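Look at the two complexes coming up: chain A is in both, with chain B in one and chain C in the other.
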Partner chain A sequence: MTATGKYLRIVLGIAVIAALIVVPMNFNRYGLYILSQWAVMTIAAMGLNLTLGYAGQISLAQGAFVGIGAYAAAIMTTQGMPLIAALAVAIVLCFAIGWILGYPALRVQHHYLAFVTLAFSTLAFLVFRNEDWLTKGIYGISNIPRPNVMGFATNRPLPFYYFCLGSLGIVSLAMWWLIRSPWGRAFVALRENPVRALSLGIDTRRYTLMAFAIGSALGGVAGTLYAPLTQYIDPVPFNLSLSLDLLMMVIVGGSGFFFGPFLGAMIAVLLPEWLRFTQGYYLMLYAVAVMLLLIYSPTGILGILDRYLAERRTKVASALRAVAKSRLETAP
Partner chain B sequence: MTAVLEVSNIKKSFGGIKAVDGVSFDVQEGEILGLIGPNGCGKSTLFNCILGQLAPTDGEVKVDGKVVTGLRPSELNRLGVSRTFQLLQVFPKLSVRENLILAGQEHQGNMMSRLFGPSDAGLTAVADQMIGFFKLDHLATEAAGGLSYGQQKLLDAAMAFMGGPRLVLLDEPAGGVNLTMLGDLKERLAAINREKRATFVVIEHNMEFVMSLCTRVMVMAEGKLLAMGTPAEVRANPAVIEAYLGH
Partner chain C sequence: MSNLLDLLVAGLATGAIYALVAVGFTLLWQTSQTINFAQGEFVMLPAFLMLAVMHAGAPFWLAIILGILLSLLLLGLGFKLLLVDPMLRHGVLPLAIATMALAIGMKEAVKQFFSAEASPFPSIVPAGDVSILGRVVSLQSLGVLALAIAVVIGLTALLNRTSIGHQMQATAQNPTVARIIGVPVERMILLTFLINAFLVALASLLITPIYLAKFSSGEVLGQAAFIAAIVGGFNQVRGAIAGGLLIGVVDNLAAAYVSTQYRAAVPLILLIVIILFRPQGLLGRPEERTV
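On to the complex of A and B.
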């Protein structure tokens, strides 16, 4: 049964990837823009999913890291530097700032930690808005070029979408590997029982800082894709509401599930578009849908699936036990 | 014989309450020391002070002759001092095997080798051996949260042994465990003590368990050391009977 399940999953995975490559070929410019945005936001949400979903540390600052990455990309590429250099700067910068932002998490938890990270989010926004010499303030930075990837220009929407999709692929593989490594296990230990983790020799301090730093660095990666996607940035998209959006993506998709951010970002980015036919009501409908979902399943959409699979497993196991027992009883 | 653990004059106050009030004792290598006393007499607080979970108000703890007071629990653990908790402390979402791998993974290599090394940190075989030893074979891939209370208690104990500790402090290992499993647990602990020369300090209310497992028993009352001796001596001590065993 598990073998067929595995094949089913592989086939499903290949089908989804193929669809993500083939179907958008005849999308219009706007459709590709939305889909690229999904890929970018998924990367940012994956970072937050590591910090919050796996390691259990709440952060309301992920949007700020997307902003830092976006500004790094915008400033550097408009000066003629390659995007890859901006990516390196964004990763190092966000990793370092994320590490520092992790220190409060060693002292405070839950909503107190949320407030600390919220304050950082506000601080970052003020820097984006007020430090004109660096960020051009409210006028923003325009004409952000799109990169050449291995000799291919990504100026047109479809190649740029493939660039985002490819980046998402690379980040996904890295994340998959990270959460399967002993680090991933230590992050989960941090979330589930930090006191016990400490007594098992796990340096909870270092892992907490790592969870923040890596999660933030992924926010930076998303930012370096966001800038060339929109080709114009100003401080507004990186205010607190982006952090809240990303938090919602993680929670709605399923916090602590690998595919949670993919689903959450899809809902947050695509659903408002699909609901557009309802005109003025779409945001309300969207809000109600999110509320209903979280009441029904606080662990998000993948939480529903997980519960269903767990129940089925239990049923199968108890059926097998019953069969074994009846065999035992009827044995001569 | 060398003292694995030397505790001298440990004190811990919470506000005006002296939870532990000047306790000193040594534990020799290979010994199983029982620690008994009425509820609230400071046993668990003493454990927490020894293990760095609480900072003692006063006093000193030495492991293998080295002062360890002020070390973090994780550092102490990597020096070979392990523990179990009074209340269940397994990681419910991880499988039994994952719980055990987690319990051992920080005892080898460094952060980088753990990141770039194999995902099981090379511990699957060791974990499975431990699973077999604690008779949890059929449960290896089950989520720990789905196990019965007694099974989780066994897993909890097994986790304490993953890093190959020299000294293990067990806080009520028998609490809530049924009789059959209790026998298993006792036999397992005794075997590890014999074969690995692991030293134990055991807090326990189950007298039969303490008296049959331990080589020496220490009795605490109101934060102080009341008596110390072989199980037979302690059982016969009038002060102990008065404070604890009499009712």
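On to the complex of A and C.
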């Protein structure tokens, strides 16, 4: 039973990856743009999922970190530096800022943390908008070049999509490893019961900061992909609503589930395209749907699935137990 | 110096409005652990309800009454029954996130069903200036300040002097014991939601003539109210009042003396400093809940 389940999962995974590679081949420019955006937003949401879903610390600043990454990429690559250098700068910068921003998390309860990160988000937006010498202010930075990856130019939409998809793959593998490492387990211990985690010898201070810093750094990674994707950035996309959108993605998909951000980002990025016929009502419907979902299942769509599977498993187990019991009783 | 006085009066007037919103915010937190991220949108909506009634041909005074009644119904009763009650068992954080979704939904609904443009809104205080001690002060500022102070005094009297107020305090401090000694806890919680709805409707009535009615105006207001509540003390009504007044004054002084670009940053920095060094707020006491 479990072995076939495992194979089924592997086959399903390979099928999805193959579909992600093959199906978009004859997509038009816009379709590829949307799919690339999905990959980028998934990376950012994965970072937030680590902070929120695994370590249990709310952050309303993920959009600001995407902005920091995007500005690092835009400023450095328009100066002729390679994207990989910008990536390194973005990761280090976001990691450091995330670490510092995590300090209030050590002192105050979760809702205060929401306000600290919210304040940071707005402050970052003000810096993007007002520091003209660095960010060109409201005029934005245009003509952001796309990188050459191992000799391949990614100027055209399809190669750039593969570049985003490949980055998503690398980040996913790293995340998969992280969650299964002792660190990942420490993060979960932190979320479930900080006092018990502390008494088990987990340095809760360090792990809280670490969860914040790694999650923020992933926001920066997403940002460095975002800038060459749109090839033009201004402060507007990185305001508070991006942070809220990312939070919704994590929650809708299922916070604390590995595949939650993938699903959440898909819904948030692709659904507006499919629901275009509803015109302006889309966001309203989305907001109502999110509220209904949260009422029904605060752990998101994957939470519903998880609950269903767990129920079925107990049913199967109790059926097996009944069979075994009846056998025992009928045995001579 | 004289300029400073003008700024102080204007700051106190906006601060008094922030205080109304912040008081409602803390009341919800006290009695039912609801962190309402849609509080700013709660202030935005009543003005549009009143405008809608006026568009239907009703006079301004009737629009105010109907607007407040609709707010009580939608933002008080509806909010509690439809969102808070079913969400509360999931904990503080999911409920907070649900209110963020509510904020988005409310903004979009107003944008779609009313207008994306800013609409003018009549003032209940007549325009004009009065001279006090040789200084010219706008009548609107004074009217707003007076009305807000009257409401705050009335609310404080309700909480501290009346039996209902004492029952509400008991509900906030310890719902279980309150229930044992016969306080109708459920009714008290509902009452705080209605008071919050009344306060935001009033704040809407006072602030919209100054900043126009716009679907997105709740963002700034909501942030100001959160900051006021935290700076003053999350678990104290008088803290929220002090915080509101302080943020209003700081906001206005920052607009005059700090660069206009970074004006919005000053209250945020104040917030971060307070959270880091005095998380219970200026007037709050740690780990204690009172109304």
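The rule is simple: the second predicted complex is superposed on the first by the 332 of 332 C-alpha atoms of A that agree within 3 Å, B and C clash if a C-alpha of one lies under 4 Å from a C-alpha of the other, contacts with A are read in each partner's own complex, and residues count from 1 in each chain.
One rule holds in what follows: contacts are C-beta pairs under 8 Å (C-beta built on N, C-alpha and C of every residue); 3 or more make two chains touch, one makes a residue touch a chain.
For clarity, every value in this text was computed on a predicted model and none was experimentally measured.
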Which of chain B and chain C A:202 touches, first, second, both or neither: first
Which of chain B and chain C A:327 touches, first, second, both or neither: neither
Which of chain B and chain C A:251 touches, first, second, both or neither: second
First (chain B), second (chain C), both or neither touched by A:192: first
Of chain C and chain B, partner touching more chain A residues: C
Touching partner for A:276 - first (chain B), second (chain C), both, neither: neither
Touching partner for A:284 - first (chain B), second (chain C), both, neither: second
Which superposed partner A:183 touches (first chain B, second chain C, both, neither): first
Those residues of chain A which chain B touches in one complex and chain C touches in the other: none
Residues on chain A engaged by chain B in the complex (per definition of touch): 178, 180-183, 185-186, 188-189, 192-193, 195-204, 206
Interfacial residue positions of chain C with respect to chain A in the complex: 35, 83, 86-87, 90-94, 96-98, 100-102, 104-105, 108-109, 111-112, 219, 223, 226-227, 230, 261-262, 264-265, 268-269, 271-272, 275-276, 279
Residues of chain A touching chain C in the complex: 58, 103-104, 107-108, 110-112, 114-116, 118-120, 122-123, 126, 129-130, 240, 244, 247-248, 251, 280-281, 283-284, 286-288, 290-291, 294-295, 298
Touching residues on chain B, where the partner in the complex is chain A: 51, 53, 72-74, 77-78, 82-83, 85, 89-94, 98, 101-103, 105-107, 111, 114-117, 119, 121, 159, 162-163
